[in-house]
Structures are given as C-alpha cells and as structure tokens.
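Step one of this worksheet: look at the structure below.
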Amino acid sequence: MDLGSALWNGLAVFLTLCIFSILYKDNPFYKLAEHLVVGISAGYFAIILYYNGFLPKVWVPVVKEGKFYYLIPTILGIMMWTRFSRKWSWVSRYPIAAYMGIGMGLAIPLTMYAFILTQLSATMQPVGFANAKLINNLLVAVWVLCGLIYFFFSKEHTGAFGWAAKIGIWTLMVGFGAGFGVTVMGRVSILIERFEFLVNYAKALIG
Amino acid sequence: MRSNLHLKSLIFFILIFLFWESSSFAQEDLSQTWFNPHRANMLIFLIFFFAVIIYFIERAKKGKSLFIRRIAGLDAIEEAVGRATEMGKPVLFISGIEDVDQIQTVAAMIILGNVAKMVAGYDTPLLVPICQPFVVPVAEERVKEGYASAGKPEAYNRDNVRYISSEQFAYAAGVNGIMLRERPAANLMFGSFYAESLVMAETGFSTGAIQVAGTANIHQLPFFVVACDYTVIGEELFATSAYLSKEPKLLGSLKGSDLTKALIMGILALGVVLETLGITHFTRWFYIE
Amino acid sequence: MRWQIPLLIVLLCGVVVAVQYFVPLEELEFIYENALDWIIITGVFAMMLGLWSLFRVSISKVQNKAPGWGYNLITLAGLFGMLFLGYRVESLAEGSLFMKLFRYVYIPIQATMFSLLAFYVASAAYRAFRARTVVSTILLATALIIMLRMIPLGFLSNWNQVLANWILTVPNMAAKRAIAMGVGLGMIATALKIVLGIERAYMGRD
Amino acid sequence: MSFYEKMMTLDRRWVYLCVGIAVAVPLFVPFTVPVSVTPEVRSVYDFVESLKEGDRLFIAIDYDPTVMAELQPMSLTIMRQCFAKGVKLIISALHQNGPGMAEQLVSLVSKEFDKKSGVDYCYLGYKPYPGLTILAMGQNFRIPFPQDYYGVSLDSMPMMQGVRNYDQVKAIIAMEAGWVADSWIRDANGRYKVPVALGVTGVMAADYFQYLPSKQIFGLMGGLKGAAEYESLAKQKERQATGRMKVQTIAHIMVIIFIVIGNVGFFMSKRKK
C-alpha cells in the first residue's frame, strides 16, 4: 500500500470507527462523522444532479439542440424558486401540482397491476385435500381472505367477521416474524463486510 | 365547488370511455390503435373502483354517516403528541425517504398537517427532517397551515422543517443526531421507508420516545412492529390520513375501498373454485400483458 | 390563479399519464416519455430548495452560537467543499479529489450506518420478542424458526428447513399478498382523490 | 430488582458488545460449521455439473459492491466450475454500479484458467433499463449489445458465431440484488422459455421461493447460506462464503440466546408475582 492510499483508507477506517462509536453513546466523533456526511452527500448529489440532470436535460436540449419545449419544465423548475419569496411562494404550487399529477398518473395503473391483479391471479389456484400442494393453495387462499378482512374499515370486527380478522392479523404476524428472521442474515453479512475492511486495513499496515 | 367535482369526474370518465369505446378498432399493430385491448381487464377494474369511491364520497357529502372502525395507531398519535406536549419536549415527524410523487409521502404529508394542528396549541416545537428537496415546500405549507388552523400562525418556525440529505443513510445519520440531541418525546414515522427504518426506530427507542410508525412497504413493517409502540400497517396508513382530516368526503373513499375489497374477495373465492373445477378462463382474464 | 390552475394541472397531468397506459398511440408515448424527463428537470431545480434549507439551518446555528455550532461548520465545509471541487467535468473522473472524498468519506460512513443494523436487529429482537400475547408469541415463534435455519442442528435442521420453507411459501406469502392488495386499494384511492382535487391538503392554504 | 427482572432489562450495549464479539472473533479463529445443503441449491449445482465442454451458459451479475459479501462468492464459484469444465460463458452486468466490479471478477477468474475473451467467454457489460435489455436479448444479444464491454463486436467473436439469443444458451443463472430478478423470471423464462436459476440476497430469498414449485426457476441460492451450500458442493479451494457463514451461525446463535434470556426472565419474574 502506498502512502496516499494508506492515508485515504486510514481516513475511511477512522470514519467507520466514528460511526461505530454511536453504539456506546453519542460523542464528538459520531457528531463529526454525522455532520460531515450530511454536508458531503448534499454537495455530491447536487453536483451529480447538475451533470446528469441539468446538463443533458436542460442545457443540451435547449441551448445546443434548440428543443424549446424543454423550456416548459425548466420554467416549472424555476417556479420552485418562488419559495424564497413570501409573497410569491404560491407560484410554486404549479410545479408541485405537475410533479404530483404525473406521479399519481403513473402510479394508478402500475399499482393496479403490481399490487392487485398480479396478487389476485397468483392466489387463484386449484385447491383440495388430495396432496400437499392443493392443501397449501387452500391455506394461502383462506389466509389471504382473512388478511383482507382485517383491512376492512367500515365494519366492526365482531362475531365471525371478528374471528376472521383475528386470523388475518395472526397471518400478518407470521409474515412479519418471517420477514424479520430472513433479514438478520443480510444485515450480519453487511457487518461482516465492514469488519473485513477494518481487518484487511490493519493487515496491510502491518504488512 | 361541488359542480366542479362533478364536472371533473365527468371529464375523467368521458375520456376513459372514449378510449374504451374505440377499442373495437383494435388492430395488430398496437402503435396505431386507440386502445390496448390486453389491458381492458385493468381498465374495467379501475372504472368500477373509481365509480364506487366517487359514489360514496357523494353520499358522505349528503350527510349520511359512515361507521369507521377504530385504528389503534390513530389514537396512539394523539397520545404520543399529548405526552410530548405535557413534558414540554419536541415532537419529531419523519415522512419517509421518498419523493412527493409517491403516494405514501402524500399520505404522510396529510398526517403531518393534522399533527401540526395538535401541536400548535402548546409551546413545543414540531421537528420535520426531510430527505427529498421536493418535499420541503409541501411540508412547510402543511405545518404552516396546521398552525394557522389552530389559530397560532405565529408559532410556526421555518427552521424546524429542514432538509437533511437525499441519501438514505446520510439522512438516517442526521435524524439520529436530532433524536439524540434535541430529545423529542414523540417520534412519528409515516411514509415510505427502507432499510433505514430500524436505524431510526432503535435510536428513537434508546432516547425513550413514544414511537408511532406506519408504512406500506411490506419489507419494513416487521421492524416497525418490533421496535415501535404502535404500528399502522399497510392500508391503515391511507385510512389514517383520510380519518385524521375528519372530512366526510374523504372518509367516503374508505367505504368505497371496502366495497372493492369485498369484490376482490368474491373474485378470489370464485377463481379458486373455478380453478379447482378445471375452468381456467376466469383466472386467465386477470393476467396483464 | 392560486387554486384552480394547480388543481387543473394535477387533473390534466394525472389523466394524461394514466390514460397513456391504455392507449398505445405514439403521440401519447411521446408525452409519457417527456413527462418522465419533466419530473427529473423540476427535481433538479428543487434541489436548490434543499440546499438552501440545509444552509439556512446550519448558518443560523453558527450565527447564534447554538450548542454544537462547530459541527454545523463541518457540514457547511463538506457542502461547499464538494460544490467547489465538483464544478469541472474532470472532477467526476476516478482519482479526483471530489471522487476521493466520495469514496473514502461518504461510502464508508453510509456503509457503516447500514451495518449498524446488525446490532439493532439483535437488540430489537431481544427487547420485543417476548411471549406476552398471542400475537407477540406468533411473531417470536416464526422469527425463531426462520433464524434457526442458520444453525446446524443435525437431523433437526432438516425438519426445521422444511418447516421454514413452508412458512415462507404459505403463511408468509398469504400475509404479503393480503397487505399488498390492501395497500394497492389505499394507494389508488388516494391517488384518485388527489387527481380529482378532492384531497388537496398537500397544497396548503393561502 | 430481582435477577430475573435484570434478565429482561439488560442494557442494549451488552447486546451490541456480544454481537460485535460474535462477528469479530470467528474472523480470527479457524473453525468450520457444517452446512446442510438444500434441494434448491443442489439443483443449480447438478445442472452446472451436467453441462458439457463447449456448452454455453449465461451468467447475470446484477448487483453492486454493497452486497458483494453475499453474492460474489456465488458468481466466483460458478464461474470457476464452468471454466474448469470448458463451459463457455456469456456474462452481463445490469446494475448501474456493478459493471466495474463484475469486470474485475471476470478478468480475475479468466486469468486463473487462462481463458480468452471472445473465445471462452463474452462479457457484455451494462445497458440502462434492465427490463428492456432482458427482453431485447431474447430477440438477439446484438440488439442491446452490438459490442461487448471492451468494445469488440459480437459478430467477430468465435464463440458467438451462431449464437443469436437465449435459444443458444443452456440456462441463465442470475445473481440478483433487486427487482431485476422478476424480469428474468417474467421475460426470459416466461416469454422466451429459457431455464432460469437465481442467486439472491438473504433478504430477498423469502420472496422467490414461490417460483420454485411452479418451475419458473429451477434453482435458488439465498444469501450467504446459499453461497456456502454451493461452495460445499463445488469443493473448490477458496470458500469465501463458508468462512463468512460461520460468522452468521455464531451471530444467529447470539441473537437467539438473547431472545431466550429475555423470555426466561419474563416468565420467571411473572411466576414470582
């Protein structure tokens, strides 16, 4: 390892330890790393947005290629800056409205597809008691129905309906327990990667 | 205003039906047609859903009262805010890490306004750290409006709505800093969260705050359920946002959602029965190309 | 001006973009593709609001000599340092100071923040997984079965593996589907209310 | 406070310390943990093992450095296994931050086995919009990738003669860190009927089990455990995942011990009252 990369990697090791120090308690080292990363990331993303957003989407189309309809979103974007004035800040509603409208319009069919129709068709499977697959299909269908009943808002959860809702929330809890259980492995993997980074640096320094 | 809504719904449906009607001209080269016939099933579903929602909103506006069940997380918000104001400590509101074109963020913003209204009467700050720049103006407006509608516009402090960072973990680091140093007594987390959810919820727990969280991101729900005092699960997030505003017309949409849910359950049951009998046409109809 | 036009913009943008999904016309395709660009472009300008908010809060702490104001100087130094170093195209090339700060300051901090989760899942599990109620017992039991997959227990492991796979593919799947369908309905209902201007709280008041 | 109550209210920092030790110590202390092999991993191995010299396999490396710890061992082991058997590889990298990392991996393994680009393997690299790229490759690899990562035309490569699309590869083994996995299943397997197997992160594994019984994927390797299982089958010298897997085992035992401590404390202190 040459001196330059030893120093830069040393900085990375130091900052890694700074963040780990929060596990004990809040301290000046954590505060340092926290404030540093907030500043650095804001600056970094502003620059990246300039090169990947402003230059190819505003500067090049309008100035170089003469596609003047790109001025419309540019003007909408500049309208955001009326937020700096108390008197004119209502103008910023225009771009916000456009942004939200497009977002909602995109979301409606895609949500219908991914969240409802796909799930619906995947659950409609033959059921029965003849083999494990059919029984499992039946269980999935029943539990999905109970889960949906839990999400009924306009009917009191009492009687048989209440029991179905109860089975529904139990099913959700099994899902949450499973979700938690499988995630532990992934999170530990990331910690292993960090520890290996520290160990490798120490090894490289010692030679 | 009402006729305005009618007019808009009318335009909306006319547009959709226009495309629907013209679908009979469907040809093989899709780029020349007015309608993609492979997606007709979804359109029918959407039209039904929209019609039901608008019907119930109209009915609610006429004053028909609707029953809505209790949502535990909802009461918890009031309890948490109440305790924070009693202690004279700040309330922290985190609206997730996604932008304002995401529906969950909008739902979070609606909740934020109502929280601001609750907090306004007391001398406690409402801290709103923000992850996406576009959310900043919306959050500012919501907080300002909440304070104004509680009759305390002067209590609004612009510095409490602050942008931190657009990057997930830089944002989480900044939020942790706020939790550790400004010691809010209530942490409300609503919106779209990812892996940072547990980083914030555990830090919040270690500071002793009451925590209420809600998200529709299925993978993060387990962590909120485990680390927070109350969790608003999935669809309850949208119901909460409708419920908090206490406007009948917004509640009407909940009834509409429920009816559609019942329809979906019926379809599901029917589909399962038909599949078992070996009839697959029905299920096939729900595939989308 | 202040109300009607923004609501009209939401309606128009929402309807056109949603309808595009069903209408394969090239003209609409063109609008759709541009709509995506528009979102990016307005986002570029909105970034200024974020930077301004960060700057204002930091600088006011420094000016008022609020507790810990020195740290806010670090934030400002990081922000302006990156803006200053990144103003030339060459600064995006590997090996520039800009990229080095990204790689050796930003990346390790964010990766370490992420890795803290390994500690937090443990402490959250210890605290919350108590067999207090039926619901919390179910949560605890499933999590345990799934975690036991990682531990070699001889012949028990094989059984546990079968059980864990069943949990993942049957009840877990059912739970996810139920949540997803509910969420889908809630999302579409909210989106519809926004597009039609029924829900307009997000725009604030005058 | 009684002993049992203390068991329930341990300071969280003790938990942190124990997790830290559980992860750090196994990195220094040599020992092994037996790995039980699951059928969904074995079927991937058996498939690769059944390939003959000259067969072509498609490997997708769709992740970035943040999940390297979990997925890199899978890619590494399978690539070595293939090169050792003389199987020819077509490799893509459809994650924005991944192509550089994938290139390092490809050049490392190809040097080990003295394999040549264009003759024994073809590294396509990255194109934006993974879903569309996957669909287009079903028509012809040359639509999204007229040239490989190094700028060499696909038509000029000996190993790509007569290779148009997925029809000429035996299968796709995709290492995935996100939704691109769905695209491989839906588009590559669903539309073009090519067999697909997945290697995914531990968090994702639970969501992809459902595709096994319906045969949409013929195998699944989930997280470090899946990678360690594969390594134990392949019996190669370097076993990164197996080394990390023992850390996983200790860490999981630690978490479970804490859950047990909490519950014992809870029940015993309740009984006393």
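All chains are identified by letter, namely A, B, C and D, in their written order; residue positions are counted from 1 within each chain.
Following the convention adopted for this analysis, a residue touches a chain if its C-beta (ideal position, glycine included) is under 8 Å from a C-beta of that chain, and two chains touch if they have at least 3 such contacts.
Since the model is a prediction, treat every value here as computed from it, not as a measurement.
S.K.: In how few steps can one go from chain B to chain C if every step must land on a touching chain?
M.R.: Between chain B and chain C, the shortest chain-hopping route counts 1.
S.K.: Considering A-C alongside A-D, which chain pair is linked by more C-beta pairs in contact?
M.R.: A-C
S.K.: Between chain A and chain D, what is the gap in Å from one C-alpha centre to the other?
M.R.: 22
S.K.: Which whole number of Å gives the spacing of the CA centres of chain A and chain C?
M.R.: The computed centroid separation for chain A versus chain C comes out at 3 Å.
S.K.: Rounded to a whole Å, what is the gap between the Cα centroids of chain A and chain B?
M.R.: 15
S.K.: Whole-Å distance, chain C centre to chain D centre, using C-alpha means?
M.R.: Here chain C and chain D have centroids separated by 24 Å.
S.K.: Can you tell me which residues of chain A touch two or more of the remaining chains?
M.R.: 19, 22-23, 31, 33-35, 37-38, 40-42, 45, 80, 83, 96, 99-100, 102-104, 106-109, 111-112, 116, 120, 122-123, 141, 144, 148, 151, 172-173, 175-180, 182-185, 188, 190-191, 193 - these are the residues of chain A that touch more than one other chain.
S.K.: Mark out which residues of chain D touch at least two other chains, giving numbers and ranges.
M.R.: 12, 16, 19-20, 23, 66, 203, 205-206, 210, 213, 225, 248, 251-252, 255
S.K.: Give the residues of chain B touching no fewer than two other chains, as numbers and ranges.
M.R.: If we look for residues of chain B contacting two or more partner chains, we find 39, 42, 46, 99-101, 103, 106, 134, 136-138, 140, 163-167, 169-170, 173, 181, 218-219, 221, 223, 225-226, 233-235, 239, 254, 257, 261, 264.
S.K.: In their complex, what parts of chain D are in touch with chain A?
M.R.: Listed in rising order, the residues of chain D that touch chain A are 13, 16, 19-20, 23-24, 27, 66-70, 201-203, 205-206, 210, 213, 223-225, 244, 247-248, 251-252, 255.
S.K.: Help me check something: in the complex, which residues belonging to chain B touch chain A?
M.R.: Those residues of chain B that touch chain A are 39, 41-42, 45-46, 66-69, 71, 99-103, 106, 134, 136-138, 140, 163-167, 169-170, 173-174, 176-177, 180-181, 218-219, 221-223, 225-226, 233-236, 239, 254-255, 257-258, 261, 264-265, 267-269, 271-272, 274-276, 278, 282-283, 286-288.
S.K.: If we count contacts the way the header does, which residues on chain C are in touch with chain D in the complex?
M.R.: Spelled out, the residues of chain C in touch with chain D are 111, 114, 118-119, 121-123, 125-127, 129-132, 140, 143-144, 147-152, 157-158, 161, 165, 168-169, 172-173, 176.
S.K.: Along chain B, where are the residues that touch chain C in the complex?
M.R.: 4-5, 8-9, 11-12, 15-16, 19, 30-31, 33-36, 39, 42-43, 46, 49-50, 53-54, 57, 99-101, 103-104, 106-107, 109-110, 113, 130, 132-134, 136-138, 140-142, 144-145, 148-149, 159, 161-170, 172-173, 181, 195-196, 198-199, 201-202, 205, 216, 218, 221, 223, 225-227, 233-235, 237-239, 241-242, 245, 249-250, 253-254, 256-257, 260-261, 264
S.K.: State the interface residues of chain A toward chain C in the complex, per the touch definition above.
M.R.: Against chain C, the touching part of chain A is residues 8-9, 11-13, 15-16, 18-20, 22-23, 31-47, 49-51, 53-54, 57-58, 69-70, 72-74, 76-78, 80-81, 83-84, 90, 93-112, 114-116, 119-120, 122-123, 136, 139-144, 146-148, 150-151, 168-185, 187-188, 190-191, 193-194, 197.
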